[in-house]
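Chain naming follows the written order as A, B, C and D, and within any one chain the residues start at number 1.
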Amino acid sequence: MYPKSIQKLIDLFSKFPTIGPRTATRFVFYLKNADKKEVKELLTAIINLKKNIKICSFCFNTFEPAQISSKIEAGKGEGNLCSICSDSRRDKNLLCIVEKETDLISLEKTRKYKGLYFILGGTVSKLKKEDIDKLRTKELLERIKNPEKFGILNLKIDEAILAINPTTEGEATILYLERILKPLTCGEQSRTIKTTRLGRGLPLGAELEYADEETLGSALEGRK
Amino acid sequence: MYPKSIQKLIDLFSKFPTIGPRTATRFVFYLKNADKKEVKELLTAIINLKKNIKICSFCFNTFEPAQISSKIEAGKGEGNLCSICSDSRRDKNLLCIVEKETDLISLEKTRKYKGLYFILGGTVSKLKKEDIDKLRTKELLERIKNPEKFGILNLKIDEAILAINPTTEGEATILYLERILKPLTCGEQSRTIKTTRLGRGLPLGAELEYADEETLGSALEGRK
Amino acid sequence: MYPKSIQKLIDLFSKFPTIGPRTATRFVFYLKNADKKEVKELLTAIINLKKNIKICSFCFNTFEPAQISSKIEAGKGEGNLCSICSDSRRDKNLLCIVEKETDLISLEKTRKYKGLYFILGGTVSKLKKEDIDKLRTKELLERIKNPEKFGILNLKIDEAILAINPTTEGEATILYLERILKPLTCGEQSRTIKTTRLGRGLPLGAELEYADEETLGSALEGRK
Amino acid sequence: MYPKSIQKLIDLFSKFPTIGPRTATRFVFYLKNADKKEVKELLTAIINLKKNIKICSFCFNTFEPAQISSKIEAGKGEGNLCSICSDSRRDKNLLCIVEKETDLISLEKTRKYKGLYFILGGTVSKLKKEDIDKLRTKELLERIKNPEKFGILNLKIDEAILAINPTTEGEATILYLERILKPLTCGEQSRTIKTTRLGRGLPLGAELEYADEETLGSALEGRK
């Protein structure tokens, strides 16, 4: 019904997360009516995203090398570190394992954490081999055993914070991570890695009347 | 918090209709993880949208000239008509005035209308001069008076359907259109243009219990 | 967990339409904290509902006899008519068939209808005998054939308005009613009853962009 | 529009929490169509609620004396205790202060708390005298100073858990309670009462991406 060039773009926007054909159509007419400068800016930004953004060789976070350019010669020869991993002030005794980039950003925004991160790349609902293989567990173990190879010197992890969503899937993932991390040590003369989970309790704005029993029980036990 | 190239694109997507920063962030990571071919397809589609899509010189609908190429020599010398306006089988006694492209598409999908269209470009909440000036009322009157100048031959409008949303704003716009259209004639030896409105009543799936009185009254009066 | 007298009342309120245990609990504490006068008023109102409210012998609407007291001696000996059926100014050529009381009230609120009603008592999703038997179709036919027996004199129905929701279920019910009503006549020297349906179209506040094709098609055809 | 006895009951149900006229109307027709036995059961339950349910002289919880009948001769002469306050196994070193009955029930359901309660009767948005006067703060202080007078022997509160919603209003209330409770002692040779708050953190099913910074910060600090 729409001209070909419009329909094509509707189809492509419909693939964007949360977007259906109706909103995709609104996007297309928004761009159709936008001035040339604005559209050019969008095109440039999309091109720059693919050109400028790299993946950190240690934690798998996205970063922009121009900002940092801390190239390292070690290991695979041309690794690159994100601004967190290359920041010498970060605490190298703490490793926080998260599911995805946006979770890392959420934790950084609290300004309460000063250690390093590792982005797992997903969660698993069941501990099937094929599901677990989609997570970066092999990469995680490699980085704990040989951090220097991935650009981090003097790593000595005492505590691995499993900052995974307290959902059913997250719980399964946490259980698996605890199993593979607990027997490990990281760094010279170090002790077994202690794993911790994020504290449970009432979130800001919650009402006792609507809280589930498990959360309320945690809130009671964690009172202070 | 995000790398510059990511933040820039989040900002641009946040300007899209209905999109906030959170969904914009999801769009960026969707593109970040998409393969090169898919991103290239999107870039090409956006470029083609701006390059290929023209505005119909009569009805202001969008169209893709390559599909039709019905150039006309008349009037301003280089007008172009959309596939509806250039279709000789359409009924030239009927003109349907709509607010925007998507409304035109909705009406075409019903396959119940065979006349021409005119896209008004908006609605007004009050009949202030500055608001009315944003609508294409001057262009509408020009096209009714001299349709040939805009590429339509033998136009003789008997009825103008004011297919505007039955909202408060739409009603104000309809009242204004009735005022400027009713005294007019279009075409040789023709009578005054009759204006009509879309029928009111219960939509598919409605329940009497939740219908407003005005709608239910219309449904009673329009029973058949 | 709650005292027995509280839990009992929570259970009873939980049976109310749309109410779950949580809202039921709020109801109970609302009553617990209400003053005696208010609770007494509620008790009296519930008792009066069961004591004072009667069902109209012709249309099955609820009514309060004290207000009207138009007892009739005919037929079953002690029928009673609601305020609409006993109002001599109502048009006895029109019968509006509705699903339930609240639909009748919605239609009365429009002040556009002056005929009589008949409450069918439900709709059917399929034309199975056991479903149809739940409707008051037998009662409907009896009242059309012998209106005097149910208290209405001089009934002569020209048109039966099938004011049933334009939903899938409503459509099935309308089809069935058309089948049983069309061959009928009502009153002396009368013609076959004409059946009509409520008009379809855009409701107040609708937007063309979100209207379904069938509704928009009806709105186009019903323009005026 | 509705008969008087129906309208009266619609009006009364419309006063119930969360209920508007439309749902109230559905309630009335639900009762209209319910059988006599069911309506009688409802009437009896409402009467029993007002007749049987008492307020605990210590904690202000509702209870049904017949179940317990632990009358005490002290103080005002005819106080009565709820099943929690009269349970000798409950820990008399802990007092949990809640806003309302349903919060008490939520905490009991966790089976993680074994102390006594006190129902404050509300929260305050600002620390204005007229607002605070609506809370049972005077009653709270009386019960801490002279618990025997209200039926509790051997009370010796070490910790007062301020189990109030972590909302803006709840916070204001908590601050006020801390101010009036902290200098106090309760019981012989006892130390100053320690006040605690429910633990903050991620609730069951939460997602880091959507958690607010304060909650996520608490979850990080409270990790274990």
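The rule we apply is simple: a residue touches a chain if its C-beta (ideal position, glycine included) is under 8 Å from a C-beta of that chain, and two chains touch if they have at least 3 such contacts.
Here the structure is a predicted model, which is why all the values come from computation and not from measurement.
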| Can you list every chain in contact with both chain A and chain C? | B, D
| said: Quick check for you: after a Cα superposition of chain A on chain D, what is the rotation angle, between 0 and 180°, in steps of 5? | reply: 180
| Chain copies touching (chain A, chain B) - same or different residues, decided at half shared | same
| query | So how far apart, in whole Å, are chain A and chain D when each is placed at the average of its C-alpha atoms? | reply | 41
| What is the distance, in whole Å, between the centres of chain B and chain D, each centre taken as the mean of its C-alpha atoms? | 58
| field | Centre-to-centre distance between chain D and chain C (centres being mean Cα positions), rounded to whole Å | value | 43
| message | Two-or-more-chain contact residues of chain A, please, as numbers and ranges. | response | 100, 102, 109, 209
| task | Under the touch definition given earlier, write down the residues of chain A that touch chain B in their complex. | result | 1-6, 8-9, 12, 15-18, 23, 25-32, 36, 38-39, 41-43, 45-50, 52-53, 62-64, 67, 100-102, 105, 108-109
| message | Considering only the defined contacts, which chain D positions touch chain A in the complex? | response | 98-100, 102-103, 106-107, 109-113, 161, 163, 165-167, 196-209, 211-224
